[in-house]
Amino acid sequence: MHQLEGPLATVRHIRLRDLPPAALLRADASDPQIAEAVAAVEQASGIVIATPIYKAAYSGLLKVFLDLLPQFALAGKIVLPCATGGSLAHVLALDYGLRPVLQSMGARHIVQSQFVLEPHLKIEGDSLSVDDVTGATLLEAIYHFRCALGHAPPHDQLGHPRPERADGTASG
Amino acid sequence: MHQLEGPLATVRHIRLRDLPPAALLRADASDPQIAEAVAAVEQASGIVIATPIYKAAYSGLLKVFLDLLPQFALAGKIVLPCATGGSLAHVLALDYGLRPVLQSMGARHIVQSQFVLEPHLKIEGDSLSVDDVTGATLLEAIYHFRCALGHAPPHDQLGHPRPERADGTASG
Amino acid sequence: MHQLEGPLATVRHIRLRDLPPAALLRADASDPQIAEAVAAVEQASGIVIATPIYKAAYSGLLKVFLDLLPQFALAGKIVLPCATGGSLAHVLALDYGLRPVLQSMGARHIVQSQFVLEPHLKIEGDSLSVDDVTGATLLEAIYHFRCALGHAPPHDQLGHPRPERADGTASG
Amino acid sequence: MHQLEGPLATVRHIRLRDLPPAALLRADASDPQIAEAVAAVEQASGIVIATPIYKAAYSGLLKVFLDLLPQFALAGKIVLPCATGGSLAHVLALDYGLRPVLQSMGARHIVQSQFVLEPHLKIEGDSLSVDDVTGATLLEAIYHFRCALGHAPPHDQLGHPRPERADGTASG
């Protein structure tokens, strides 16, 4: 998460799994937790979306959240789509499946999407780590995401990969 | 619903909206209502899937249900995908968005999908009706669905369109 | 090719690469070779389509041929889509990319698509062979394709895999 | 075309239909006209791609051209995808069908795609005009394209819509 931070950015992580299920499925924006998540999306300049790939597409949980947002909730925003999957065979699910949805929500710029193979991820308790190659790839993606946002660090300050968490505003 | 019925078919309608939200989002197959819905899919030879189109794709609710089914839950089955949408601009969401998901679940035969424009639908209380042209199109689709299932009525017994409900095993 | 043959089937192989380029790109159906290929599609009950995956989708050559066919050229027909690709990462290109196109042409039944990794193919001169596992998978696919056509051999006559050629009515 | 021009931009229009058919289908980059078109793409900072929608997807002609370009021919480039189609029902073909292809070619930023209904186009001889509403929409799209390129004119100099041609580096 700290790779996303910097003098110009505040970062928030919304775990969709922690939102109240009934309100989420009813798209009940009067629920305080839902309302707060919707407001966080509204205020963000950039959004990292992380989802597992199930049945050749993004998770239903992610889509339930996207469904309750306004039609053009991503207007003017920069988006970095990320996914984890058990097989390389799911790579195209991001660009063929998720990207048209995000595009329909008016996203200004959806940067190159990132697919991480599950064997390259390690989950210990609440923390998530990736191997070095994956880490470097994600750092590069974050760099381009920050460039699109207009507040990239100088490239030589990227430092060594410290990919402790793949975070984002919405993980479904 | 009675258009789907016949000497060879028993029809069940599962309203995904009536399943328990927390169990649904946790993919908790030990919940009795979820378990029963999963069993109904398992036992069916044919499945009509009905979803609204939101954000250029099927509903999150539908995907949440598909996500909790086994990977090849549609193996050997005939599927008729249906959607309602506010604009013709969403027609391709069924074939580009939903069909690859159903295909990945091993469906044996997914017949031509049906898109119904919302202005052609009338919802009164719990009942749903469509205009005559839409009704005739849906009857034709049901005829092909029943042919694929191997128990089509003789074509001349289709009778007049009586499209009182667009029903299915799963509506999300 | 002989796996597709049988007492009920005549098989033809159209190599799109052999059609006259200028007539193909102009969609000139008055060209005798083009006219003959279009007629072959029209007369076929089932069509095997084989394409390499380039740039995350079917080949342009295949689409050029599909573009010159009538809008509903696949109405009533059974289709088996096949692709070769250099990486598993392209698998979904068939179901997300090609299937919606074939569906829009009215195909009655598009059976499960087949993806073959290029390292599993051997090309020697004009003949094409695949390894044993791939061969068995393709034979199974051909069996389902023939079932959909209504003239499957008894399953126990499938014999041993003899996958000397991945043939089809159209290979692009 | 002059809407794309300005102090910082030189614009070229490549009509794919004018490239030599045999060399195009053989992906023969040694052909001088093909070589020149490939070089033009290589040198461009931004590319407008225009295609009709046939059979629920981009034209085969366009894909034939994309196929002969290097895998990452769009790396670092800004792309504006445009299409014409006979029905609103084809709108999603751009984002579901074409965008993943362009994304796989490494495009840095693909701005919102533009779909023009054929009844809103007028073709007289070699010149192409659009009605006022479509013209204003296209001008807005060009403005965002130029912003992404880093050389947008001040918004108040957009002037009145003068959409005489929908031009681009590649029209297929």
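Just so it is clear, A, B, C and D label the chains in written order, and each chain counts residues from 1 on its own.
Methods note: contacts are C-beta pairs under 8 Å (C-beta built on N, C-alpha and C of every residue); 3 or more make two chains touch, one makes a residue touch a chain.
As the structure is a prediction and not an experimental result, all values here were calculated from the model.
Comparing the centres of all chains, each the average of its CA atoms, the largest separation from chain B belongs to D.
By residue number, over half of the touching pairs seen at A-C are also found at B-D, the match among B-C, A-B or B-D. Separating the centre of chain C from that of chain D, both taken as means of CA atoms, is a distance of 31 Å.
Chain A and chain D have CA centres that are 29 Å apart. Taking each chain's centre as the mean of its C-alpha atoms, chain B lies 38 Å from chain D.
Of all residues in chain A, those touching 2 or more other chains are 56, 92, 95-97, 100, 103-104, listed in ascending order. Within the complex formed with chain D, the residues of chain C that make contact are 17, 21-22, 24-26, 54-67, 71, 96-97, 100-101, 103-105.
Contact residues of chain C toward chain A in the complex are 56, 87-93, 95-97.
Those residues of chain C lying in contact with chain B across their complex are 92, 95-96, 99-100, 103-104, 106, 109-113, 148.
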